[in-house]
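First subunit A sits with subunit B, and in the next complex the same chain sits with subunit C.
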Partner chain A sequence: MKITQRLGRMASVALLVAAVLAVLGPFLWVILGSFKNERSINDPLAIFFTPTLDNWNAVINGGILQAAGRSLIVATISVSIALLVGGMGAYSIARYKAGGSTMRFGILSAQVLPPAVLVFPFLALAYTLRVNDTLVAVTAAHISLVLPVVTWFLIGFFEAVPKGIEEAAQVDGLGKFAAFRTVVLPQVAPGIGAAAVFGFTLSWNDLFYALILAPGNAQTLPVAIAGFNTFRGVQLGAMCAAILVSVVPVLIASYFIQRRLVRGISGGSLKY
Partner chain B sequence: MSSITLEQVSKKYGKINVIQDLDLEFDDGKFTVLVGPSGCGKTTTLRMIAGLEVASGGKIKVGGKDVTHLEPKDRDIAMVFQNYALYGHLTVRRNIGFPLKARKISKSEIAIRVEFIAESLSLTSLLERTPGQLSGGQQQRVAIGRAIIRQPQAFLFDEPLSNLDAKLRLEMRTELLRLQRSLGVTSIFVTHDQEEAMTLSDKVVVMRDGKIAQQGSPTKVYTEPVDTFVAAFIGSPKMNLIAGSVSNGTFRSQIGTFMVDADGFPPGDVILGIRPEDVLLDAGTDGVVDLIELLGPRAIVRVVCGELAVTSVVERFSLANLKEGDHVSLKARSSSLHQFDPETLDRRKPS
Partner chain C sequence: MAFRIKMIMPLVALFLVAIGYPLGYSFWLSLTNYRITKPGQTEFVGMAQYQALFDNAAYWEALIVTGTFMVIAVSLELVLGLAIALALRRQVRVRNMTRAFLLSPMFITPIAVGLMFRFLLNPQLGPLDLLLEKLNLSYDYFGPGNAIFTIALIDVWQWTPFMVLLLLAGLESLPRAPFEAAKVDGASPWLTLKSITLPMLSSVLVVAVLIRGLDAMRVFEYVFAITRGGPGTETQTIQYLIYQTGIQFFRLGQASAMAYMVLAIVLVFVIFLFRAINKEARR
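And then the complex of A and B:
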């Protein structure tokens, strides 16, 4: 019995290690690849090599950081608008069944369509308004992408909040909006945090809309990373470094959103 | 402390008339219970008084002031909800103090009053916990504390005991009654449990289909129900209603023959109402004992007479060797019988 338990435990640990390697392996490869020269990078299993900072120089001097800054602006604005509008929309759908079940599932109807179908109206509009190849066009497209998802995501969280606590807050002395802000929002704070992270990632990682709407001076980070695929071949080392620039802010943003935003909404509403 | 008045209050959802021209007075300092079956409109009435539902017509007054179109926060009433409606992200201390914070009372004042309320409800040791860390009874006391801290003009209770287990329900019922008596605040309590209605109230209002079936003291409603609906709803086990006919002071039916007080009552078809405690059992052939439910000091005995069933409540010491399957005769205390018109189902009064 003891041996069987031991074997079982060893098998569990082995499976966990394999799973961790499968998830972290590519990430570790990217980290190592960002410090490899052209020769070393063609040997994917090389752990020992002479590190170089050439790739990082290419990233810093190649406009990657500026592209990251543009991605940050677009993602932040998109998520902020999506949370504000989508939060209120989700509340209306959850509490008042606004639009019925048609609305509830209809808000995701655009996600069913291939982006290639939706991008052309955006492109035409951008040219008409003379905002082509600007962050305005990309932000507008990303809002159309993030807002429905955030709204749909938050409906369930608002539905989980008992209507009774809003009513209790109203009887206790708050108006409807104050009751919403004081007792409902803190209850859905984890959901808002999760929706913010999800929406941020959606916008941050988008290549298609950004490539079509802002391929030039206003390119975002995914477009800039794709630019390492040149006619001379793929600059893998620099691309690895640029990918790390892409990944790390998302991790930081997730931490920030989860800790600060959620705590701020749930804990900051009543201090006495 | 104030009385609450409803004048011709109605409530419609689309074309459906849920409450119809309700006239009701809740006396100052008294405990009034709204009781009735599900869907009778008692909770809707309570919510209209609270301002959580907008009345479709009529007037609602609290302390003489017309509050019909005021928001809940401006009505100076407090409410205890069926599911307690505690704020899960706040500690017990902050839950209890919430109404004062909402009204911008000073921190020091809030602290003093919260400590006082917590002590009176035995919540002092739980002040730093969150609702999720409390038992049902503790949550209920926090909800009550949150209601009483503000010293409102009236308390509204929406079936606050229905989520508690039977034993705790009895304890909290006593607790609520003690609290109401000591505070002397006008209280309106909604329940579907007629036993709660009888034990808690100074006045019972029995509702049915959006209207008042009967209102009065518990004793009055119990001893003089106005129709068969109230007669069957109030009292547990419910009143036996038996169709038969009366002539010369004798009631005849499928279950047997009783003497009735016939002074002023017309002869002919009648529905006779007999409370189970007024049904007396003896050896005989009227019916067969179908079921005996022991309740400790009493037993509920169900006797089948042909197609009819009659319920009797018997003191334990009177049970003797009675068992299921025994043949019994039925008698009734003639002074405790109720007569109802078989057409209108209303209580018959002597002419």
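And then the complex of A and C:
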């Protein structure tokens, strides 16, 4: 018994070490690659080399930062709208059972709707309204992407708020909306933060909508990164740097919400 | 107007505009021969696009490719995710840092993951091939017969963390009593896992697998970044085929019909998911 326990412990540590290495390996390769020059990038095993900032200069001058700026604009607008509209709706659904289970089912379905169903109407519409290849088209599509997810997230967090608190506030003479705003909202602030970060990541990471709706002048960051999709070794270092520009902000932001994600994703059914 | 209605009105309105309208529009598109290059010549063709799909070999092949991908990726993610979640559960030291590292892949933009692995696995530029070469081995990651498997493994790299996240939460919310009783009775770890942990975790497992499955159905970025559907059409997933049909060939009517058929499959999954979530919520 003792021996099997010890073996089990060793196996689980070995698994975790292997998993961490498997995750970190590619990251490390990208970080190294972003500082390699043309010659050392053709030697994939080189760990010691003369670092260069050429790739980072290429990224800064090559429009990647502008693309990141566009991604930031799209994500901020779509997440803000989703939080405002979805937050009010989620409260009504969680507290007053508005729309019943049909509403919940609709929101869940909208979350997993294949993007391929919605993208062509957005494209055709964008052509008609002459907003194709603009951020307007991408933002509209991203609202349809982010809104159901953020709403679903917030339902789970509103349900966790004890019911008595807004009743107590209403006894104190606050209206229902005022009770929601001043008493309930502060309670779910961590949930709102998690929903905001998760929604932001969803928009920031999206390639499919952005590629179809704005492939040219209004490229978002993932579309710009996809533009490095060539076998010319010259661009590999710059691609690594561009990947880091996209990855680092989300990794930092997501670190703070990891635990709260569970409640959000499961719509409150899984408490953590 | 009641307060609850006032609060939900903006959501319903935005849903109808941002999702309901495009949903209806794409259904209308699927009943026409709409081409973005010839918008003036759009004709209503009824169910013709759907009928054409039944004879479209590429469409059926893409469904099979996507299904194969889903099964390989999600089952590996489930097994690996469960193993990692169990290991994290009994971990004593550096817990927070390990968890943060292990969860990180799921937040990265999938196109970056795709490109990263395209070059990591590249025979000239990637380290993995060189290491294999030193062992006198060689493997064509994106060659015929292998490519779909490699794409699935990339998905495993990125999305096993999602399984870990949900399963770890499920494990940590289980009551302790049955486990202590099993320990007292001297049950082996394997027996404990099989007859206590897994049954108690079953609804979480179902939720996690369904969410991952639905997500895997939309796989696009890895294919776009690496194989572009090749070799041949071996990795042409449904989302990629729809993209090709709509964007390369501008056949929005045909592409919308394809998407609508996928939607029907998705809805079946969603019904199961909804039930599983409600079941877990009542627990």
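By our rule, the second predicted complex is superposed on the first by the 216 of 272 C-alpha atoms of A that agree within 3 Å, B and C clash if a C-alpha of one lies under 4 Å from a C-alpha of the other, contacts with A are read in each partner's own complex, and residues count from 1 in each chain.
Keep this in mind: a residue touches a chain if its C-beta (ideal position, glycine included) is under 8 Å from a C-beta of that chain, and two chains touch if they have at least 3 such contacts.
This structure is a prediction, so every number in the text was calculated from the model and none was measured.
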Touching partner for A:P121 - first (subunit B), second (subunit C), both, neither: second
Comparison of subunit B and subunit C by subunit A residues contacted: C
Subunit B versus subunit C as contact partner of A:A168, first or second or both or neither: first
A:F105 touches, of subunit B and subunit C: first, second, both or neither? second
Touching partner for A:Q187 - first (subunit B), second (subunit C), both, neither: first
Partner chain(s) touched by A:P222 [first = subunit B, second = subunit C, both, neither]: second
Touched partner set for A:T4, first subunit B, second subunit C, both or neither: second
Set of subunit A residues, in rising order, touched by both subunit B and subunit C: 176, 266-267, 270, 272
Of subunit A, residues touching subunit C in the complex: 1, 4-5, 8-9, 12-13, 15-16, 19-20, 22-24, 26-27, 29-30, 41-42, 44-45, 81, 84-86, 88-93, 95-96, 98-99, 101, 103-106, 108-110, 112-125, 127, 140, 143-144, 147-148, 151, 176-177, 180, 201, 204-205, 207-208, 211-212, 221-222, 225-226, 228-229, 233, 236, 239, 243, 246-247, 250-251, 254-255, 258, 261-262, 265-272
Subunit B-facing residues of subunit A, complex: 162, 164-165, 167-176, 178, 183, 186-187, 189, 266-267, 270, 272
Subunit B residues touching subunit A - in the complex, by the definition given at the top: 50-52, 71-73, 77-79, 81-90, 94, 97-99, 101-103, 107, 110, 146, 150
Residues on subunit C engaged by subunit A in the complex (per definition of touch): 3-5, 7-8, 10-12, 14-15, 18-19, 21-23, 25-26, 29, 34, 36, 39, 83-84, 86-88, 90-91, 98-105, 107-112, 115-117, 119-120, 124-127, 130-131, 157, 165-166, 169-170, 172-173, 186, 188-189, 204, 207, 211, 214-215, 217-218, 220-221, 224-225, 238-239, 242-243, 246-247, 252, 255-256, 258-260, 262-263, 266-267, 269-270, 273-274, 277-278, 280-281
